[in-house]
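So that you can tell them apart, the chains are marked A, B and C in the order they are listed, and the count of residues begins at 1 in each.
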Amino acid sequence: MNSSSYIAALEISGGAVLVFALLTLWRRDVKANVRMLRLQGVSLACVAGVLALHQHDLGLAVTAVLVLSVKGFVAPELLHRVVRRDPRSRETAPLVNVPASLVTAAALIVISYAVSTKIIALAPSPPTRLVPIGVATILVGYFMLVTRRRAVSQIIGLLLVDNGIALVTFLLTAGVPLIVELGASLDVLLVVVVLQVLLANMRERLGTTDLDQLRELRD
Amino acid sequence: MLVTLILLVPFVTGLLVFVLRWGPWIGRLMSASALAVLAMGITLSVTTSSHAPLTSLHGALRADALSSFMVVVIGVVSLLAALQTTRAMNHEILSGTTQRQASSYSVLFQVFVTCMLAAVLAANLGVMWIAVEATTISTTFLVNHRRSEKSFEAAWKYVILCSVGIALAFLGTVLIYFAALHAGNGSHSVATLDWTSLMKVAPRLDPGVVRLALAILVLGYGTKVGLAPMHSWLPDAHGQAPAPISALMSGVLLTVAFYALLRFKAIADIALGINFPRYLFIVVGLASLLVASAMLIAQRDYKRMLAYSSVEHMGLLTLGAAAGGPLAIAAVLLHVLGHGMTKSVLFLASGEIHHDEGTTAIAQVNSLIARRPMLGGIFGVAMLSLLGFPPFSLFVSELNMARAELDAGLWWVVLISLGCLGVIFASMASHARSMLLGPSAVPASNDAPRSVVVPLVGALLACAVIGVSSWPLLSLLHDAAKVLLP
Amino acid sequence: MILAATSLVYSIGTSLLQLVLLTLGAPVLLGVMDKLRARAEGRRGASVLQPLRDIRKLMSKQRLRAHFSSAVLPVAPIVLLVATVVAIAIAPLASTQPLLAPSADIYVIVYLLLTGSIALALAGLDAGTAFGGMGSSRAMTISALAEPALLVAVLALSIQAGTSNVPTIISRTLANPTMLSSPTRLLALVAILIVVIAETGRIPVDNPSTHLELTMIHEAMILEYSGADLGLVSIASAMRLGLLFALVANLFVPWGIATDTSIGGLAMGVVWLAVKTSVIGVGVSFMEVHRAKLRLFRVPELLAGGFVLSILAVVTGLVTR
């Protein structure tokens, strides 16, 4: 893989991760958001794959496959099941309206650029230059987590944060040691499973997954 | 071998529990396992304080004096919690949960303890992160044990907040790894998250990146420690979980996460000099103290009161760590032990109170000492210990942390924290008084059985003994503190 | 000296050619789009020359002006037309060397177009009727979101090319085509397309073929115009649409534009311009057939999305520079 097409592939797949994060903020339809999440997982795996090809790193290639299966397929599939079983929560109910959240997202992107300057300065290379994109994905995920009241949307926000962190990890260090990566992927999967079970229980017992209904624990 | 065994014992016990299902003797099995962990922890402490750190599993596990000390703390608190498991589960079953929930409770209990042990014994900071994350996963269903609306809310908040926090901690860990990758001039750089090699390259880490990493780590692990403003999951989760789990979470889970922060702070201290980490820790520490004192004044629920008191104590620990130096770290570790024991006694006692009185509202519990002298007495004495009365060990550790802070020239921090402690003291004392004192029309009856009284009184006695003469621990604490100093 | 004179003549010729082309071509483009839409909907549709005929008919008709209207009403169409004409004259459409090419800054062009929008919005308010005011208010709401997006997207383009001069951006892109596949360019393209759709009042933002009071924007603003005034507004709006489509085409598919001063090159440039612009027009009209108009309060969401994408374009432009 020659260097300019390597950089282009990296930029496009990295940029796609953030674009899909923004699209989840844009669309209200939860089903569409799950689809975006799936595409984001695939783009993330592409980033890992491109890096693995360029550096001839077998561990990273394994990681790419792992990411593709966990973040591209299994986790979104689990979410998809939750959404399918819960027709009433098809539309998210954002606390902040969509234009305002998108404008906030724009501000977050700028902030993440400012935050990342120190990191880029330490080791300027094509992958590290893209770190602001990962940081922005994390911040957008956070924002989604804070401003959405549907349970599924919060899980999506959590996974956005997670994908952003994974992107930063790949860009900065071409992946942490494989054992840590394995553990981290497994953890993500388990968290999603735990949340899914929790939601299923919640729906069974309380008949809703609207978190606004849960407001008893207050001081 | 010993190190591996420490992990294996609770894990295998967990498997056994899984196969055998819930039975009245399961609690005894779990207690035996916790006792074994405690015994091995003490052996380990003795070994590592006089010799080099032990490693195991090709260097994946590593026990230095600090880890061994944490193993002892986990051993003590999990023993206390395991001893109450049978009784707590019987109470829960009476109030409507099933036997199946009780079995899954005991399995998850063991998994939870194993994860905490793995976190403190991991040689690699990445593996430590995985273990801390695994504690969140294993405790979710423990928090949601009752499956009521409230416990769903608590569990949901807990998972979401802690997962996000812990995800951030991963980002911080990665940044440290990145800094290590680019430390020095290429030939010396080591791609590692291993604690010993990180400490070796620490002076050459890029300050800008480490500063960012430490801030993110404080935000991330700080969520799990329950430091303000990331503490909002803590009172809910502690209030909803069954008593032994509240005891474990408050007594050790918070401090295991704090242990992770201590490790990273040690690296940052070398890479950045002490100022930036110190002021970062002071900010979150003071914030926690302020939040805790504000929330305690008008607290209406005694379990939540105890939870906020944990926020307070974590704030104190953070301030102690901010001061730095051998004295401060030794005092911090002593505080970890004292707080772990006292807080678990209080949570276990409050579990009994909850069962007997059927409420967690402070206003609806009164004249406890007159009606149930043993239980009320234990709760009262433990409150005294928690509020830092001599002869209990928390008095000694708080005093020494304040001394270390003064030595470091942080008199204003001491001043502010004393102010907060005053407020907390007044409000908690008044809440406790309204619960405990007062005449009762009915004669004393239905007091706590011996199986409850003996362990709790034992733990309080231990606190007092350590407070009066810290000789069995002194050298151990200093060795543990040395681990964190360059 | 002679060389300078030749190039001046060439530049003037180019500008005039562009003007003539757009004055006649833009209404035809509109006609083509309407025709396509009609065919896709199963109608026969009017001839592609219909908009041109309409405008000619309007120009010969009498002006009627509302009672309490001020000078703004008659002046606005002229401002709109002049601004558009100047923008067309200096923009590199058929060749990279029209008149005043060195000052064909992308911001100049954007602001010329905005001047026209503002004139039109003022005119909508001038007569004091309900529909006009409503249209102006809606148009300004959309502009308030669309303009920042456009400016930031344009900033991304100029960061990437290292200049804000449109002819230079185009020639640098021609010299280095990998610039086109960079995320910056792609994101800016999406953002600019969204803005162009909004500014030209096409579906899904506005429906040019309806006078339904609940939804109309552009049509509501010009409701008070008649006769020659309406003709001016119509031709200017058509030219604006043509200019925007042509600019998008040249910024993102620059091939075919004349870069030397030969007559043959210019001729090819004209042909390519017509082809590229019609392709965009066809694309837009296909989208109009297949998409429903957005509810008015959802339009800001679309535009805010465009804004975020343009910010993202800038940031990726900065990080990958």
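The rule we apply is simple: a contact is a pair of C-beta atoms (placed from the backbone, for glycine too) under 8 Å apart; a residue touches a chain by one contact, two chains touch by 3 or more.
Bear in mind the structure is a predicted one, so any value in this text is a computation, not a measurement.
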**OP:** Could you pull out the chain whose C-alpha mean position is farthest off from that of subunit A?
**Re:** C
Subject >> Identity of the most central chain, Cα criterion >> reply: A
**OP:** Could you see whether A-B or A-C has the larger number of C-beta contact pairs?
**Re:** A-B
Original post:
Just how far, in Å, is the C-alpha centre of subunit C from the one of subunit B?
Top reply: 65
Original post:
Quick one: subunit A and subunit B, Cα centre-to-centre, how many Å?
Top reply: 31
Subject >> Where subunit A and subunit C are represented by their mean Cα positions, the distance between them in whole Å >> reply: 37
Original post:
Along subunit C, where are the residues that touch subunit A in the complex?
Top reply: 145, 178, 181-183, 186-187, 300-301, 303-305, 307-309, 311-312, 315-316, 318-320
**OP:** Enumerate the contact residues on subunit B facing subunit A in the complex.
**Re:** 124, 126-127, 129-130, 133-134, 136-137, 140-141, 144, 147, 149-150, 152-157, 159-160, 163-164, 167-168, 170-171, 173-175, 177-179, 181-182, 191, 193, 206, 208-209, 211-212, 235-236, 239-240, 295, 298-299, 304
Original post:
In their shared complex, at which residues does subunit A touch subunit B?
Top reply: 115, 118-119, 121-123, 138, 142, 145, 151, 154, 158, 161-162, 165, 168-169, 172-173, 176-177, 179-180, 183-184, 187, 190-191, 194-195, 197-198, 201-202, 205-206, 211, 214-217, 219
Subject >> subunit C-facing residues of subunit A, complex >> reply: 4, 7-8, 11-12, 14-15, 18-19, 22, 26, 98-100, 102-103, 105-106, 109-110, 112-113, 120, 126, 129-133, 136
